[in-house]
Each structure stands twice: as C-alpha cells, then as structure tokens.
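Next come two complexes, and both contain chain A; in the first it sits with chain B, in the second with chain C.
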Partner chain A sequence: MMKHIASFLLVLFIPALALGTPAKAPGAIRIGALYASSGPFASSSLPQYHGLQFWVNQVNKSGGVLVKAYGKRIPIKLIAYDNQSKTSLAGTLYSQLLTRDKVNMLVADFGSVLTSVAVPLARVHRTLLFDVTGTSARFFTPGNPYIVLTSLPTSGIWPTTLANFLIHRKIRRIALLYSTNDFDDSQAKTLRRKLKAAGITPVYDHGVPSNTSSYAVLIHGIAARRAEAVIELGYPNNDIAFLQDLKASGVHFNLVFTVFPGQLLSLMKKNVGDKVLTWTYTYPTPPLLKHRRINYGPTLADFISSYTRDTRREVNFLTIAGYNAGLIIQKTLETSASLKPLAMRRAIGKFSGRIKTLNGLFKVNTEGAQIGETLPVGQLQRVNGKLRMEVVYPLKVKTAEARYPAPRPTH
Partner chain B sequence: MNLLEYALLAGLFYGLYFALVGVGLNLIFGVMRIINLAHGDFLMLGAYGAFYLYHLLGWNPLWAIPIELVVFLLIGLPLYYLLVPRLQKSGDPEMLSFILFFGLSQVIEAAAVFVFSNNQRSIPASVFGGAPINIAGQVFPVSWIVSAAVGLAGIGLIYAYLYHSRPGRATRAIMAERSEAAATGISVNRISALAFGIGIAAAALAGIFSPFMIGAIEPSMGIGITVISFAIIVIGSLGNPIGTLLGGLIYGEALMLMQTYLASWSELLPYVLLILILLVRPTGLLERAVRSA
Partner chain C sequence: MVVAITVLAYVFIPYGYNNQFLLFNMMMYMALAQGLNIIYGYTGYLPFGYVGFFGAGAYGSALVIIYLHWSPFPAVLLGGLAAVLVGMLLIPLFRLSGAYFSIANLAAAEALYYIIANPHLASVTQGPYGISLPQVYDPNAAYWTMLAILVFALILSGLMRRSRFGLALGAIRENPVSAEMAGVNVVRSRAIAWLLSAFIAGVSGAAFGWYISVFYPETVFSLSITVFAIVFVLFGGSGTLLGPLVGTLVLYGAYNYIGISTPQYFQLTYGLLIILLVLFLPSGLTSLLRKRGIDVP
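Right after this comes the complex of A and B.
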C-alpha cells in the first residue's frame, strides 16, 4: 500500500518539480538574417545588414542581450546568408534558417521584394519576423501575428504628407510614374486616392517595370501632358536613371519628387551629381532627419560617431534601419517573459508607442505594421553652394520654405 | 509635341546603339558557332573602364574608346586560345559553349562585385555638353546622339573589316565553312582569335555608352544585356553581323514605342520579339546571308 502511495505522490510531484525548475538558458539567442551581396538590391541590403551586424557586435561586447525570460545576459548569434537579390534563393535560405538552423527569430532582408518570401514562411513556421524595410501593406493582415515592421511605416502611408503638400500648394497637373512592385504600387494607390479625394486626377499615371533603366521617352510623354509636378516612385536604380534622363532631356518641371535621395543621398550624389538633385523633393529619413527626445538606444550623433569609428563605413538610412531592428529585438528580449513568438509579439505590443529610437517613434498596430512616424516632405536645396535637405511640409515641422516652382537649370 | 515622332526618332538612336551592343556576340557566333554568354559582362567591364577613367582621371568617355578597344582586343586574343580551341574539339561545341561561358559570366560578375562593389555607378550625361539637341523639331540628349553615332561607326568599321580587308574576307570564309577555309590555307585559329577579340572589344565599346543608354552600371547588369543582345542577333539572323543592325533598329523602335504607349509591358519586349521571330522566321530576317554548315 505504502509503495502505491509513494508511486502516486511521485507521479504527482515530478511534473510540479519540473515546472518549478527554471528552464535552462540557451547558449545564444539565434537570429537568422539574409543579405544581398550582389544584384539590384545589394546597395540597399548591405548597409541594412551592416547596421544589424553592428548592433550584434555592440551587444556581444557588453556580454550579450538581457533576456527577461532567463533573467540574464545571453550573447547573440547572427546566422546570415547571401541571397544575391534573388527571391527564389531567399525563399530557400529563409527555410534553411527556420528548419536547419532553428533560429529564435528572423530579420528580413531589405525591401518588400526580398521580404515577401519571408512573410508566409515565418507564419507557417510560427517564428517572429522582424521586418526592417519591407513596407508593403499586403504583409500585414489580421490573421498573422508573426510579423513586426521595425523601421518605416507601410508604404501605403508614405505619400500621405506628400499628397497633402501637393493639395496645399494647389498643384493640379500632376504626373505619377511608378515601378510596378508592391512597394511603389501601394504608394501610387494611396497618392491617387488622396488626390482624387481632393478633386485632382493625375494628367499622367503609368506603371513601368522595376528594371526600367531608360526614362527619356516616358519623361517626354509626361512633358507632352504639360505636367507641373512629376512624382517618380521607384527603387534606387530607377531614381538614378530617371534623374539622369530628366537632366539629359532638358525638360523642366516645377516639382520633381523621387524616393531615394532621402534615404541614400550619398549614392544618388555620386551617380547623378549635386546639380541634378538640387530642388528635388523626397521623403527625408534619418540621418537627414533628426529625431529628438530619444528614450531608447543611442542618439543619432552617438551612433554615427561609434559606427564610423568602428566600421569605417558611411551611415545612411538603411544602416540606421538595420541597427534599429536590433534595438527593437533588444527591447523585445528585455520585456518578453518567454522566447515564444507570440509572447514576444505581446511584449512588443506593450512597449509599442512608448519608445523612441534614433529612427523615431516605434509604434505598431495590431497587425504589426509601423504607424509611429509619418514621412515629411523634404527638398534638397542649395544653401551657400552646398546641397542641404530641408523639411518643407508639414508646416509644423518645416525647416525651410519650399522653392516652388523650382528654378530652371542653366546649361 | 508629337509623341509618335519622338518615339520613332528615339528608337532610331537606341536601335543604332543596340546594334553595337549585339554585334560582338554575333561576330563570335558567326565565326566560331559558340554563344558567348559572358558578352554582357564584357560590356559591364567596358562601362566600369569608362566610369573610372572619368571619375579618377576626369577623362571624357570618348577617350575611353581607343584605350578600351586595344585593351579588350588584347584580353580577347589569349582568352580565345585558352577556351575556344578546346571547345571546338568537343562533340558539341555550341552546347558546351553555353555552359562554359555561363561559368565565365558568373566568375566575371563575382570578381566585379569584389573589385567594384555593388553600388550603382554612373557618368553624368553632361560630359558631352549640357544642352540637348533639336532634331526635326524634337529635343534629344546629346549623349544619345553620340552613342548612336558611335554605334553606327562601330557597325560600319566591322562591315569594312569583313568586306574590305584581307583578314575580314578570311573571317567570312570561316563563317561560310570552317573546314573549307582551313583547306584553302587560312589560319583558322589566328583569324578566329582576332574575331573573338574584336567581338569582346565591340562589347566593351558599347559598355562605354551604357550609362547614357541603359542606366546605372552594376556588376550584375551583364545577364540582362546578354539576353537583349541575343534577341537582337536572332532577329537579324544568327551569325550575320550585318543583320545585327536591322535587329538593333527593330529592338530600339519596338522598345521606344512600347515605352510610349504600353510602358508597363516593355520588360517583356526582348522575349516577345524572340518568340515572334522564332515562330515566324526562325532563321532570322536576313537568313540568306549565312550559309548553313
């Protein structure tokens, strides 16, 4: 009888003992990431990856990241593969990170194209995806709790301020030229919708393939419609080709807007020159846009100083975006009671809207889409012979008046 | 402003340039019956050459023409002896050339990433003068006119070489029938090596003007260029360098018309043209100029 009672008590207490024992902490937090060392996305993907890598190095130097679930600091192990800007290869490598490397979380590669393959995989494998710059609105759906956009708002939100600016300036003859990918398509849709609500129908509205490299004929077509403003939405290679061809064609518009001078100014300057960029409008982002009252992570100035000192590389927006993803992961691990993806997602929901990093306010909606920062409208202006980014809209944050219409260039 | 007129004139300039893009690939195929899938990568190297001459030494891209013609001709000669005679000895050199030159393309691209990095590079179009030129009431960038003129001159020089020079006549004899040419005492390897070098130099020459006609330079641009070149030479007839001019003009006109009226579909153009020509006239538009083996 006593033997039976002892067995019963043993069966009863063993699980209780097991539950009471703190789980063994892993040797490292495994973060899976991809980057593109070649192909059309390389110039954007590499700085983003370098920013993330810099965060990992910084954290590991200080003994690891504080993980609340284990009450101690644990080093980060970054497992990263090169997808060569190919979505098919990216899909295979994301799968490899999830199934073979068994990462605790994924960090997506640059942009919507390379992030698109990660979104369904992260969902199927129930792993939290930290989406750095994949801003397509299609990624964020009510049934998918496995994605968090860390850096920019979804691309559908980007042109909100731009549309308001165009309406505010009473510019009615607007040309819309965009690349046919999720990122630019969703911006075009928003812009079209907002303008339509203000009674403006673009005089030119065309999508072109993302690999378009010759814009001269398209520019000519826009000029034929007597457009006052041209909004060109593309990736960096599109913006470079568009601005080059605009300059070479000799056609002048009162307002020209492109996306990437505000994110990769140095690259754009090298390729198209200061003269072509002068008076161009764009979405300014850090480091061209400086956020104040930061309450998490280093200030922009401190980051630039330490990053350039340690890596000898230049800081652009994508470096900051990659580093910022690291900061959000850090805060998640400091806050979450468990490493389970849904627990981490809940933790993110709790600090969402409360932390402000060098990249601005981090705030996500229930679908994981970033809603913290709207992108203002900036104009590259020539001040004392130098090109300077000035915020020209919204009025409450503007640093200078917009030069509209843009002065005609002299040949 | 007449959009159709503009598109047609722009198509003419682009066509002349694209003829130059394709002519090297066609010359090599015509003489050696091998497909140089690294063609676009040699063009990319030519583009980087012009870029660095401009950015490091401040040289106008026109100065890159004689330099690159010599340099790439000299690269082509040993490369021929290293690769092609071995291919010719194999049972199916045409098929094997696909594999070998695809490998070479990958090697060149990887090396270019290593040496030049991934950032897009460009040369400002203003190097040829800032003000655009008015032609028939339409305004065109100077860089287009220069690129088209160089394209036309390049095709003209290759034509003159093939039809009015001794090695050129020997080249045409090899294009007609390799073994018969060898039997008449033509040094097939020497003439073929020269054709290979000229083909690669023509690609590099086209590369010098690619920042103005194709867009930013980057290490991975080669494959796309090779596909376009392939479409152009299939339209004109594989192995017929003169047909390349026609192929280039058709491609240029079609591209500009597509961009004007059906911009969203312009990406499909090389593939659509390839399929159409293969369905309608598989031997190309100038088939009779080539004698089948």
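Right after this comes the complex of A and C.
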C-alpha cells in the first residue's frame, strides 16, 4: 500500500518539480567579438573594440548584466580575437567563436568588409549578430532574422538630410565625387536620386577607386565645371587625401563636404590641419553631436569622463559605437525571456524605437537595419580661434547658421 | 595512401572539431599549394600572381550563378575553366624567366583585379561592390566540393610526379635547353602544367566564393593568398606530393593556433618560423627525410 502511495506521489510531484525548477543560469554570458590590431581597418576597429571592452568592464564591475531569462545578474565574458584586417582569417575566427567557444552572441568587427563574412556564418549557426558599423544594405534581407545593426543607419540613408540642405540652400552647381565601394556608392545613389527629384543634376559626377590617393587632377576638373559645392564621399584615407590636395591646389569652393571629419576629427586634424577643415561640412556624430533626452545608459558627458579616466584613451565616434553595441546587448538581455536568438530578436523588436542612448535613437526595421538615427549636417566653424562642430541643418536641431559661401582662406 | 589519409582526416575530423571554416581553408590552401607545386615544384616557374586564377575562378563561377542561374557544381567547374582561359592568355609570359616571370605574373593578376573591380563594369562584374550568393549558400556542400578538389589536386600531382610527363617537367626545371635537345616539347609541356595549375586555383576560388557567399574583389584577389600558398610549398618542400601538404598543415595550423591563443605574438612567432626555415631548411621539411635516405612521395 505504502509503495502505491509513494508511486502516486512521485507521479504527481515529479512533473511539478520539473516545471517549477528554473533552468540553471550560466556562469557567464559569452560574447564573441573580433578586432583588427593591424592592417587597413586597425585605426577604426580598435576604438570600436575598446568601447565594447569598456562596456564589459563597467557591467562586470557592477556584478554583471541583469538577465531576465534567469532573473539575476550574470557576468559577461568577452572572447575576442585579432583578425589583422584579413577577411579570410576573420571567417575562421568567427567560426571559432561560434563552433568552439559557443558564444551566446556575436559582435561584428568594424565596417562592411569585415562584417560580410560574419553575416552568413551567424545565420547558419543561428546566433544573433550585433552589427556595429557594417552598413551595407546587402546584409539585411527578409529571410535573415539573425542580424541587428546597432549604431548607424544603412549607408543609403545617410545623405538624406544633406540632400535636403543643398535643396534648401538652392545650391544648383553640385559636384559629386565618391569612392567606388558599397558604403560610398549607396550614399552617392541616394544623393543623386534626391537631387534629381528636386530638378538638380550634378555638374560633375564621378566615382574613383577606394585606394585613390591623389585628387589634384580631379579637383581641377571640378573647378573647371564651376561647381559651387563639392560632395566628396570616401573612407578616412580618401577624405584625408582629398582635403590635403584641395589645400595644395589653392582652389576654393563655396561648400565642401566630406564624411569623416564628423567621426574621426582628431585623425583628420592630425593629417590635414585645422585650417583646411575650417568651414568644411560633414555628418556630425557623437561625441561631436550631443543627443538630448537620453533614456538608457550614461549621458555623453558621463561616458567621456569615465572612459577617459579609466582607459586614458580619447573618445571618438567608433568608441561610442562599440560602447553603444554593449548597451543594446544589455537591454536585450534585460528584456528577453530567453537567451535563444529569436527570442532576443523579438525583444529587440519590442524596445526598438523606445530607447535613446548617447548614440541616439535605436530603431530597427523588420530586417534588423537601423532606421532610427538621422545624420544631420554639421559645419566645422571657427569660434574664438577654435574649431567647433555646429549643426546647421535640419533647422529644428541647428546650433548655428551655416557659413555659406565659405570664406576664402587667408594665407 | 596520402590521398586516403587526407580524405579520412577531412571526413572524420569535423565530428570532433567543428570549426568548419578553418578546415575548409586548410583544404583550400592544401589544394592551392598542390596547384602551385605543379607549376613551381615541377617546372621551376614561380607565379607571384597565382591568386589571379583563384579570383578568376571565384568570379567566373559567381557570375554564372547570378546571371545564368547555374547550380553551384557546374559553376565551380566553370570557375576552373575561367582560370584556364586566363592562363591561356598569360602563356606568352613564359618568354620571361626567373624574377621577371614572377613580377610580370603579379602585374597580370593586379590588372585582372582592377578590371573586375572597375565600377564602369559593375553591370557585368558587380565592380567593387562585391558578390552576394545567398540563393546557393550551402557551406556543407561547398565543404565536400572542396574535399573533392583537394583529392583531384593530390591525385593529379601524384600521377604527374611518377609519369613520363612529370619527368619531362623535371627536366625543364633543371635545364630547358637540355630538355629540348633530349626531345621534350618544352613549350607544350610547360603550358599543360600551367593550365592544370590554373584550373586547380580556379576551382578552389570558385568553391571558396560559394562557401563564404559574400565577397569583395579584394577578398579573392588578396596577395596574401599567393604568399601563403608559396610559403606552404617552400616550407614543406617543393616537387613532392607530401611537402605542400605537410607545409600547409604545420604552418596554417600554427597560423591559426597562434592567432587564436596568443595573437599578440603572432607576427613574431610566424616570422621566426620562416627565418628558421630559410636558414636551416631551404629545401623544406621533407628534405630532412630525404637526407636520411627516406623516399618522400
């Protein structure tokens, strides 16, 4: 009789016990990342990695990240390898993170080239990829729920405000000079389309290889077309070479726009000097752009203060982009019901459009592409003898009037 | 036996070690090293621009997949044929020899890269904006295809080494004039070896493109691919079947092991390994066995 009662109780309680026991929490949340300590992407990859590393250190100092799936704080373990800017090695190392280290999620290295190999691998291994700065539209396809772009909108969206600014200022003689890569070509296409819709055809429209290092002939070609505005879209090395050659040529345009003074101002200052950067237009990004009404994570001032104190390194946009990827991961873990990638992706969908970090509004579309941020137009202006970034368009967020036409430099 | 061990290794290792990308790359470099061995090890011509065939294969195959909707297997073969076509165009380079041949070959590969990456040809080659092949993405099928390519390269290299044709190539390597006088058709034999070598690089490039599915011109025309293949052949020992295999296994294995475990010492360790090789083993690892009278296949 007692045996029967015991069996009955076991049958009754074992399922209840199984249901009531929460899954065992892991000792650490494993995040896989790559960085390039050498090669052409090192100068951009390292600050991005340092930003992510700083977020991990900050979170672990406070006992770990709050993981909703387990209802407790769990430390982060960052597993990172050096790909030396080589895509083939990057592929092996992403694969190592997915198959050997069994990471819970991946953080891609800087830019589209080093992100490209991670996209199919993350998909085939069903692991969520946090894409920090790989803005190529090719990565975001309807059948792939395993990717989320965290920091920048896809590059095709970037020049939207710039086009509106040019149209608003009634500038009609525009020269478009761009590097022929995914990143710049998609910007050129958007700009061309928007200008055409406003009845403006660029007086000069020319693509050059991404490794172009001499722009002198091109600048004189643009001057011969009597362009008022020159929009140069390139990578940092292109922007540097273009601005150096512009300075050497003595040619003056009413408006000069380049991409990277707004992201890597120190690097640009070091290479081309303050003088040629004065009155240059760009896309300002944090820390040169200060977002207001932040509702998640530290303010820009707090971040700069703690980052520089702890690391003795300078903050640039890529540092913030890396740190911001950490914040998005943190919010994902705080809100996702499980660590399964699709559950995390659903959690991201729920807070998308609702959080604003020091990097701006985080909002992604159904394919994981960032659409929340818009890049305003900024101008580097000289105020009290110092170079200062001012937002000049759109009008509702402007901090100063655009100086147009730009004053001729005094020699 | 070498072929059987290689096949068994790549069939069974994935059950215990699942970094398939690393295993794929290892097979790819083994096949490339064998392909390079056919032209360099057997005839003495060192093509610095060997990556040109690799890139031609990757693009040849990707373009027929995109535009003609071919399935990947025939597309890989077509990638090999695209590389053979490029090889045929470059046959006149054999008028040069030594360093002149190597440099001219490098220039040809660079020219091919710039043609493919030319934005004005974007409607044909996708220019610098890269290739995306999500419609055929199948890393497992690409893995087995790469194994088949490696087996083909090994059998070809092994057969050539033992055959009359291989002996003719060896004679060309030692002295083309004497070989010609001994009745060897130098021009034809060299061209056949060159095109076979190009074919192996082409199919390897095609399988690589299929495996990664998203790539840019700089990915498949990267000079580091040639450099790796050359170093692996030299490290193992050129002119043998085993040498390029051992060279790739040791050096590419070390490359990944150091890269994963102690990346901060990567350049230092790898550089030291190569310096030691040049100083003490200029004929490669297999020369150690040959010095002891052991026949190396």
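Everything that follows uses one rule, which is that the second predicted complex is superposed on the first by the 391 of 411 C-alpha atoms of A that agree within 3 Å, B and C clash if a C-alpha of one lies under 4 Å from a C-alpha of the other, contacts with A are read in each partner's own complex, and residues count from 1 in each chain.
As a convention for this text, contacts are C-beta pairs under 8 Å (C-beta built on N, C-alpha and C of every residue); 3 or more make two chains touch, one makes a residue touch a chain.
On a predicted model such as this, the values are computed, not experimentally measured, just so you know.
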- Item | Which of chain B and chain C A:Val217 touches, first, second, both or neither | first
- Message: By residue count, which of the two partners contacts chain A more extensively, chain B or chain C?
- Response: B
- Task: Would you check which partner chain A:Ser37 touches, where first means chain B only, second means chain C only, and both and neither mean what they say?
- Result: both
- Is A:Gly207 touching the first partner chain B, the second partner chain C, both, or neither of them? both
- Query: After lining up the shared chain so the two structures overlap, which partner does A:Thr180 touch, if you call chain B first and chain C second: first, second, both or neither?
  - Reply: both
- Query: Taking the superposition as given, does A:Pro120 touch the first partner, chain B, the second, chain C, both, or neither?
  - Reply: second
- Pick one for A:Gln96: touches chain B only (first), chain C only (second), both, or neither. second
- Task: Give one of first, second, both or neither to describe whether A:Asn271 is in contact with chain B, with chain C, with both, or with none.
- Result: first
- Query: Which positions of chain A sit in both the chain B and the chain C interface?
  - Reply: 37-38, 180, 207, 209
- Residues of chain A touching chain C in their complex? 37-38, 81-82, 84, 86-89, 91-96, 99-100, 113, 116-117, 119-121, 124, 138, 141, 143, 180-182, 185, 207, 209-210
- Please give the residue numbers of chain A that touch chain B in the complex, ascending. 36-40, 42-43, 46, 85, 180, 206-209, 211-214, 216-218, 220-221, 223-224, 236-237, 240-241, 244-245, 247-251, 267, 270-273, 275-276, 411
- Task: Report the residues of chain B in contact with chain A in the complex, numbered from low to high.
- Result: 1, 3, 6-7, 10, 14, 109-110, 113, 118-122, 124-126, 129-132, 139-144, 211-216, 218-220, 224, 255-256, 259-260, 263-264, 266-267
- Query: What part of chain C is in contact with chain A in the complex they form?
  - Reply: 17-22, 25, 114, 117, 119, 127-130, 132, 134, 137, 139, 212-216, 218-219, 222, 224-225, 256, 259-260, 263, 266-267
